[in-house]
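Below you'll find the structure I mean.
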Amino acid sequence: MQLSAKKIAALLDGTVEGDPDVKVDRPSKIEEGGEGSISFLGNPKYEEYAYSTTASALLVARDFKPKKPVQATLVRVDNVYGAIAQLLERFGEAYERQPGISGNAAVAKEAQLGEGVTVGAFSSIGAGSTIGAHSIIHDQVYIGRDVTIGAHAILYPGVRILDRCQVGDHCILHSNVVVGSDGFGFTPQEDGSYKKVIHVGNVILEDHVEIGAQSAIDRGTMGSTIIREGVKMDNLIQVGHNVEIGAHTVIAAQTGIAGSTKIGKHCRIGGQVGFVGHLEIADGTQIQAQSGIASDVKEPNQALFGYPAFAYRDFVRSHAVFKRLPELYKKLSALEKAIRPPSKP
Amino acid sequence: MQLSAKKIAALLDGTVEGDPDVKVDRPSKIEEGGEGSISFLGNPKYEEYAYSTTASALLVARDFKPKKPVQATLVRVDNVYGAIAQLLERFGEAYERQPGISGNAAVAKEAQLGEGVTVGAFSSIGAGSTIGAHSIIHDQVYIGRDVTIGAHAILYPGVRILDRCQVGDHCILHSNVVVGSDGFGFTPQEDGSYKKVIHVGNVILEDHVEIGAQSAIDRGTMGSTIIREGVKMDNLIQVGHNVEIGAHTVIAAQTGIAGSTKIGKHCRIGGQVGFVGHLEIADGTQIQAQSGIASDVKEPNQALFGYPAFAYRDFVRSHAVFKRLPELYKKLSALEKAIRPPSKP
Amino acid sequence: MQLSAKKIAALLDGTVEGDPDVKVDRPSKIEEGGEGSISFLGNPKYEEYAYSTTASALLVARDFKPKKPVQATLVRVDNVYGAIAQLLERFGEAYERQPGISGNAAVAKEAQLGEGVTVGAFSSIGAGSTIGAHSIIHDQVYIGRDVTIGAHAILYPGVRILDRCQVGDHCILHSNVVVGSDGFGFTPQEDGSYKKVIHVGNVILEDHVEIGAQSAIDRGTMGSTIIREGVKMDNLIQVGHNVEIGAHTVIAAQTGIAGSTKIGKHCRIGGQVGFVGHLEIADGTQIQAQSGIASDVKEPNQALFGYPAFAYRDFVRSHAVFKRLPELYKKLSALEKAIRPPSKP
């Protein structure tokens, strides 16, 4: 898809400075540029690149005053970051699929597909399942029995939605996500072996949830594992049985949440964080990457860090001393020698 | 599937108190309840919910004495937890598959399938492979060449069993598990590049092994990676080449075990634990979540914690002081000032 | 495949001592052995096994002088490790596929396949994509639109290469690898929800890259996520959008790299390491398993350890004192009592 600077300015409510007919077919970073691309100057610390970039067009703020000559055609807008996001959406449209059901898909007669649904090759949709209007089921996706998928959802190749799980409207599940695997529940037997606890619950993803590639969401033992509206999860995340994640919480890659833990709304959780099971985490909690959360967080909007985690600031101060522990040890030994305290104080 | 309280009592060797004809179609947690569900009171700390639950029936201990009126029909049993596990199995049966080979599967002529085997759509079974009686191969499963799958095994959608690997009887492999990927072995070359070490070994899963979604078990370079009888592994676990995991060991999600490490029997390993390669871990070892194991564990039944890990109790005590390090540092500085020890002691 | 000791000696430029006609069909570890296998004595600390091994043949150094009788036929070579690697390749050839396009694959008319390409059952190849000569696309692989796969590449079952990504010559992608999932990018909205940033970039894997099972490589927001020549990555690794990994860097399992971080050449990175985003890591950096990297590494060839990481040696020394913190605390308290410093120093 090619767009002229003039067309882009019209789209973004901007003004052109330079050749209004120059054409671009992709966005680029200002430090990478490239002919035929449109770049952007958002952060002033990249300003130098504006004078050397090879991009054909450049999005800049309405009030940007160049200190040197700029080769690229300028498109001036009110909000550079908002404009670039809008432009990404426009370029993204070029890659959209035409709806239709592949002749190589296995769709059960008893499944119901809404208007404008896409189903790719080698995908299975089981009996009793429903796919909402305009949802895109890519190739090689598995949708079990009695599953509900909302409208305008996107399931990338290799996604598995097991029996009786529910996926809301506008959800995006990236490749190889598993929704509805059994939780990790076993009863120890007298002979030292373990007996499986049968899992009859399900998983509910509310609307506008996005889940990263290779993540796994276990079903409830009974009842549901629930991911609330607007939650965004990165790749390779583990969510145990009967976990609940509050609305608009974001979680970075490789984090794991053990069974029955409840995480609040609007939390921000770093990568590789671990939560033990049966915790309650207050709304607005912020957790640094790699932290280990082993107890409830009762007060909202705290920042935590460490393994096991405590207050972010306190961890940072303790860690600063940790780095100097060998020095501390020497000082203490020197003091001991100097004083020779009585052995029985 | 609907069951009456009377029928449930017969099944669990219990007695009914209330309406014996009330019908339920699913289990529920006592704090969630819901009409048409059967809940249970196992832990006395949840007793208050017994008086407010909306469940239609309630499993309680034989000797439970209500302090207030209970709406739900009671089913009294000897062992509440055993009864609920039995009931979960009964409800789970409702979801079982009918056996049969999908017309959309690619089964090699030279493969052998036992009695009552299920093979789902878009699954491949390679030449020389054998599937034991009553095993369920779901949709989109890959079984390579010369693979052996035991009887009564369940392979969920997206499982990959690569050439020459062996899966025992009653094993359960959750969605997207990979068994038999190459180990991570490379020989450094003089020019700084790496040359792949060809892996000709395999993976052996003994009977009653369960492996969580998205886990990867690498094949031996030569010889086998072995997961012994009754091992239970959670989701997103990494097992390197030539690792051996002893019988009835349980491992929580996202743990990684580097090549050639041998883990004993009846160990309990938390989530996100890491093991370096070539270790020997004694039977009955218990390891806290997120610990890093960098050396052999010779004495059985120890509890370990930390990064790198040491004795659980010692770690907890060291961590308690770690939280107070800034305070310690101040105290030490104050002491130094008070004493001014000679600079050359 | 069976090979005689004589044939193996010819292959490895070695000499036979014992029965030149003894046949073997697999390699084995010297401590495991087994009739019909060929084992090897590389590390002198395993010498005792040479006298007890049940292997039929044994690779040893040209100048090996047995101290006791050896049952196995000896094959003497100059370089035992080189010889075993060569032998593994020879056995590995026995498992190679015959080229050909499965009748069950969905290959778009507009895709181009080179000479001798293999495409397995239930694999999809989209319009505009190109597969180089002699590449092996196993079963159930997804290759989207406008994807380029080089020559002699191997994509194991369940690999997903999404639209517009590029895979170089001789790359090996293990089962269920995802290349080109969207990065984790969202713009916070005023109402506390998040809006997805559309990702129009791609992923470029240069030649000779190997990626372990279940790993995920996100595409660039704009521009590319780039894995340079000869990089070797283990299983379950997460690579964020616009990351760049330098040539011949090796990364162990379950490591995660957040968006826009640039890692140098010839680095060696342990398992379960985490990198925050937007870092620059110098060439030759070595990072211990489970470390957390939160700031740039400017000087090449450093060794790092810890959470957050600092110099390896310093971490080891600080950790040694960490284990003795309770003792330090007691000593400090005793000193304080002995001295009773003035409360206002």
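As written, the chains take the letters A, B and C, and residue 1 is the first residue of each chain.
In this text, a contact is a pair of C-beta atoms (placed from the backbone, for glycine too) under 8 Å apart; a residue touches a chain by one contact, two chains touch by 3 or more.
Small disclaimer: the values here were computed from a predicted structure and weren't measured.
J.: Quick check on chain A against chain B: do more than half of the interface residue numbers occur in both copies, making it same, or fewer, making it different?
T.: Chain A and chain B contact each other through largely non-matching residue numbers.
J.: If chain A and chain C share one sequence, what is the angle of the rotation that overlays their CA atoms, in steps of 5 degrees?
T.: 120
J.: Roughly how far is chain A from chain B, centre to centre by C-alpha average, rounded to an integer in Å?
T.: Spacing between the chain centres: roughly 25 Å.
J.: Can you list every residue of chain B that touches 2 or more other chains, as numbers and ranges?
T.: Expected reply: 122, 140, 158, 176, 214, 236, 254, 272, 307, 322, 324, 328, 332, 335, 339.
J.: Provide the residue numbers of chain C that touch chain A in the complex, in ascending order.
T.: Result: residues 106, 122, 124, 140, 142, 144-145, 158, 160, 162-164, 176, 178, 181-182, 184, 186-187, 192-200, 214-216, 218, 221-223, 236, 238, 240, 254, 256, 258, 272, 274, 276, 292, 294, 307-308, 310, 314, 317-318, 320-322, 324, 328, 331-332, 334-335, 337-339 of chain C touch chain A.
J.: Considering only the defined contacts, which chain A positions touch chain C in the complex?
T.: On the chain A side, the touching residues are 26-29, 32, 81, 85, 88-89, 91-92, 95, 102, 104, 120-122, 138-140, 156-158, 172, 174-176, 208, 210, 212-214, 230, 232, 234-236, 248, 250, 252-254, 266, 271-272, 289-290, 307, 319, 322-326, 328-329, 332, 335-336, 339, 341-342, 345.
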